[in-house]
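Below are two complexes that have subunit A in common, paired first with subunit B and then with subunit C.
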Partner chain A sequence: MNLLPFVVAGLVIGSVYALSGVGVLVLYRTTGVLNFAHGAVGGLAALLVWQTVELRLQPAVAIALGIAAGAAVALLFGLVAGPYLARVDQLRKAIATLGLALVLLGVMLFVWNDKARTIRLETSRISFDVGGARVNVTQLVCLGLALLVVVGTLLALRYTSMGTSMRALASDRELAAVVGTNVRLVENTAWATSGAIAGVSGILLADQTRLEPAFLTFLIIPVLAAVVIGRFVSLWLTLVGGLAIGVGQSLVSAWPTVSAFSTAVPFVVATVVILVATRRRVVTVGVVRA
Partner chain B sequence: MNRILRATAALGVGALVVALSACVPEDDGGPVQGAPSADAADLSCGLGTGEEATGEPIKVAAVATASGGVDFSSSPGSAQAYFDCVNDNGGINGRPIEYEVGDDALDPTRTAQLAAGYAADTSVVALVGDATFVGCDVANVEYQKAGLYSITGVGVPQACFESSNIAPVNAGPRTSALATMQYFERQDQADPFFAIGLNTRGNGDWVADGIEKYAAEAGIELAGNVLSDPAESNFLPLISQVTQADPASLVIVDPAPIAASILATAEQQDARGDIQWSCTASCYDAQFGEQIGDYWEGFVANSELALVAADGDDANQWRAVMDEYADADAPRDTFSQAGFLSAKIFVDALLPLDAETLDRETVSQAVLGVKGYESDLLCAPWYYGEADEHHANHATRMAVIEDGAYVELEGCQDVADPDMADILEREQSEGLLTE
Partner chain C sequence: MNRVLLAAFLARAEVRSALVGLAIGLVLALVLPSLPGVGSGLALRTLTVCAIYALAAAGVGVLYGRLGLVSIMQIGLVAVGGWATLRIYHATHLPFEVVMVLAALVTAAVGVIVGLPALRLSGLSLAIVTLMVAGALEVLVTYAGFPNGGDGFLGRVSGGTLAVIMPRPALGQSDDEFFRYVGVVVVVVLVLLRWLLMVRPGRTWAAIRQGEAGAVSLGINTVAHRLLALAVTSAVTGVAGALLAASSGILDPTSFKAQQSVLLFATVLIGGAFSLLGAVLGGLFFYGLPQLLNTVGLDGNLVFVVLGLGLVQAVTTAPAGIAGQLGALWRRLRPPRPPRPSRPSRPSREVTV
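And now, the complex of A and B:
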């Protein structure tokens, strides 16, 4: 069997998991909020793109609108809930975002019925053969964008003043506030950025997989697994984790005998990483923020 | 804070301006395009008196899955529209129908609660237009205890067709899949055949079982009978299995969104080839052709009732009633036809009775006694009858996508299912096909 198509498909989906993971990680490091609603925000952005394209909006404008909507929803939640979340522990922060995820899912299911929908990006129509696997331009965009966002985020964190503030918050929130960092501004920037990344990921996933509210909402699971592989600190390891999960899932599904277990790959990988990491006493969620 | 709010507001206004200026005009049509236009007679429902019914209401209920990811509400929605029309036309000999719909939200526990609630409320005389995706088995237990019967609009899992107190108007996924397979068999395109379904208990496995049994009986080589995980994100393995098996034809027995994703993956791999691709009635909706795009011109689907644009007394009345009594954006699909038809069967069963004597017992007797019910929405007469299984609709039509919309490909054809021998036998021995 030619496994190349599976590797390609896995790399593509994996790169979008990684892209999403970067959004989750930046928000988590800056605000301490592990955002379970990341997938739902992406789903909402994708459905808005579909809806506006149906209303005959030009696709490029629709996509920009979708991404802006993702950023706006996340920012709004950050503005409203941020001050309260700052005072509670991490578990409660995470559970609050689970609430947001369920609200967004409910809204999506209410607004859009269960009929078939597809997003077809123009770039998906251009495809070519690579060693027996068909690759389209959207898939190249996925791979390129993941790499670009990882490198861009690293550079931004290192060389911009906002990046420095984010790192200050990640390292010690109280101390950063004492030395004059505008905590709210930095946190809101993190929310908006993370929301925009969620929007981009949601639209790409809708093109590459399925445009369904519940499906896109629960894609947060492989994304979180990628972040776990990054051990909640490393952008590069999150990228590697996303790609590994994507390729793992795709390869497992290539063999009929084990293909039924492909959706379990993120859980298995995350569990193994957590077990190994705990054994070495390198990281726990509490230690990272302490 | 203010700066952010101002920036957000500016962004919002900017986006709105861009959105409005980027819109291109759209040609707007009626709810069902290409259908014959309605005339006044279509709206004389039931007695057709044109006078509002003012007597004591008759309570009728329905359990449907309207939220939770699956939306079957168009079945009770059209039943409601038909009942409204009947109530405006003299009701059931002067008594209006009061219709209540419960949403089980894709949760069988909730279905059981709703069913128990309606069973306990003795003023509820029957269930009409039900469409639960999850709870036929649990609901039937409650109905059986209470002597309550359901003329179900849409049944999907096996349990909906194997219940004593539930009888669906639609044909169900198994019959729909077999209909598609047998269509290709008639075209000499079914050997070898490939089937794709969903790995769900009491549903996907039931359909796969039917395909396997029929293939064995008809001597068709089954190149694949694959069930995929409902949460699957990557359909590439499936497409690769299909291309390697290289069947003459193929049927997808999945909900429309998943079918569309499978087709998108196949298109991306340019895997259509010489294979005849098709889908069960789940893909027969007005939006589907346009969503899957030009690549799938000639894609085939089964239709469990008449096509939505068909010309016929009941088909025309369904569209007229929907236009008059339902929301303009309410779906005009097979489920909607099914809900309408179940309501019509119910009303026609009650009209000959004395309106004063209507209670659960007399209504149940009338519903059980329905037989040989003819409608141009159906292919063969519909019936209820006392039995442990109800599967009256086993003759369907085929449709094909032309210019992005479905048109009729083949008229009514009876569908053979090796497991339906008992039902066919009872149709004859009990004379269920004639009034």
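And now, the complex of A and C:
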């Protein structure tokens, strides 16, 4: 059996997982919020693109609109809930985003129902042969964009003043505020950025897989697995993790006997990583205070 | 001597509130079907399923409220319990009560195996891992289906053979009787859970939630106690699965989607995670609210929006949920209790210098 097509498909999906994971990671490091609604934001963006293209809007404008909508939704949540969330522990911050995910899922199901749709980006119509596997331009865009966003985020965190502020917040929110960082501004930037990334990855995933609200919402699962592999800190390891999970899922789905279990791959991988990476948690007084 | 001990036991506020809850629960379970308007048809069947989901909600509530653990896989575990029930029944034809206990044990084992690795890390990892399990279980259940009397491990009938339906328990054949049956089982399980929370394991769990460093310094094995909690709540959830399987005799994979698990978690936080009343409210919201929306002609999907907003609100401003707010209201409305006249044996707390 020629496995190359599966490897290519896996690398492509995996790169979008990684791309999405960068958005989750940046938001998590900056605000402490692990965003379970990341997939739902992407789903909403993709459905908006589908809807506006149906209404005969230019595809490029539609995509820009979708990404902007993703950023706007995330920013709105950050603006409204952010101040409250700053006061509760990390677990509760994450739980609150589960609420956002439910709201977005409900809106999507209410407006568009749960029929499976497809969007075909213009770039998916151009394809060529690489060693027996069909590759289209969208897939190249996925791979390139993931690399670009990882490198770009690293550089931005390193060299821009906003990036420096984000690293300051990640390190210690209170201290960053004391030395004059505009905490709210930095956090809102992180929300908007991660929302835009969620929008981009949602649109790409909808093109590569299928456009279905619940399915796209729960694509947060492999994305979170990628972030777990990155140990919640490393962008590069998140990229590697995303690619590994994508290829793993794709290869498992290649064999008919086990293909039903391909969605369990993120769970297995994340569990193994958690087990291997476990250092016994140090219980400090800080745990009590939190 | 015994009478003195009993009096002291009954004087504890938590015991009294638990007994009041027990009485109200039993009365509701036995009287509700005979009320006009409720006593037949859709309303009663809906309330039956609500009561069943109250058990699953209680599992979530105890884990979150008493241990600070977030488990987003409970509907998946309900499916596991239901699957085990149907599988064991079709293989052995044992009485339903035995099957239910066995299914609870199976579900407890699954819950523990799944949660074990994540328990060694922070609460956030358990939330992530259980969400992944919810997603994986949804696909597995859709792939495997539920046993309906066929051959093989999966027990699915194929071809032209008719599906076999598991009969309801002997004590609960009609809708009325089955509601009472479910009601009594739910009340019994909730009472056991309440009792467990009042004795040593429950107090240990509370100690872990209050401060892990303190609990560790007292020599408490935190991982073992969390595992116990996971086992207990998974077993309770398995009972819910068994009852659900008994109510219609056959289960459909589409009722066990991952978003349902998230929804159940939301309803528990909205209802109130710190009391079992909250769990009952959670069950009502989880299954009753969509039915209610459908009845008044609204799209059932709006329930996601309502409960999602409710979850955000509960996390940010009302950590004790509706049950907590009801409790606060009750304490405000209740006339202040006159101080006990004689308490000679107690030393006075104020120290005068």
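Criterion: the second predicted complex is superposed on the first by the 275 of 290 C-alpha atoms of A that agree within 3 Å, B and C clash if a C-alpha of one lies under 4 Å from a C-alpha of the other, contacts with A are read in each partner's own complex, and residues count from 1 in each chain.
Criterion: a residue touches a chain if its C-beta (ideal position, glycine included) is under 8 Å from a C-beta of that chain, and two chains touch if they have at least 3 such contacts.
Predicted model, so just to flag it, every value in this text is computed and none were measured.
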*Answer with clash or fit: subunit B and subunit C placed together on subunit A by superposition.*
clash
_Let me test your reading of the model: by the given contact rule, A:Leu224 touches which partner, first (subunit B), second (subunit C), both or neither?_
second
*Which superposed partner A:Ala260 touches (first subunit B, second subunit C, both, neither)*: both
*Could you tell me if A:Arg184 is touching subunit B, subunit C, both of them or neither one (first, second, both, neither)?*
first
*Check whether A:Val107 is in contact with subunit B, with subunit C, with both or with neither, and answer first, second, both or neither.*
second
*asked:* Applying the document's definition of touch, where does A:Ala214 land relative to subunit B and subunit C: first, second, both, or neither?
replied: both
*Please indicate which partner A:Thr271 is in contact with in the superposed arrangement: first for subunit B, second for subunit C, both, or neither.*
second
*subunit B versus subunit C as contact partner of A:Phe36, first or second or both or neither*: second
*Would you check which partner chain A:Gln249 touches, where first means subunit B only, second means subunit C only, and both and neither mean what they say?*
first
*Stretch of subunit B, among 7-15, 25-33 or 115-123, that runs into subunit C once the two complexes are superposed*: 115-123
*Name the residues of subunit A shared by its contacts with subunit B and its contacts with subunit C.*
109-110, 214, 218, 260, 263
*Hey, which residues of subunit A end up touching subunit B in the complex?*
1, 5-6, 9-10, 13, 52, 55-58, 61, 64-65, 68, 72, 75, 79, 109-110, 113-118, 120, 124, 127, 134, 136, 184-185, 188, 209-215, 218-219, 249-250, 253-254, 256, 259-260, 262-263
_With touch defined as at the start, can you tell me which subunit C residues reach subunit A in the complex?_
68, 70, 72, 117-118, 120-125, 127-129, 131-133, 135-136, 139-140, 143, 211-214, 216, 257-259, 262-263, 265-266, 269, 299, 301-312, 315-317
*Within the complex, which stretch of subunit A touches subunit C?*
34, 36, 81, 84-85, 88, 90-92, 94-96, 98-107, 109-110, 214, 217-218, 220-221, 224-225, 228, 260-261, 263-264, 266-267, 270-271, 274-275, 278, 280-281, 283-285, 287-288
*Which residues, counting only subunit B, touch subunit A once they are in their complex?*
1, 4, 8, 11-12, 15, 18-19, 22-26, 67-71, 199, 229, 231-234, 236-237, 240-241, 255-261, 264, 268-270, 283, 285, 287-288, 291-293, 331
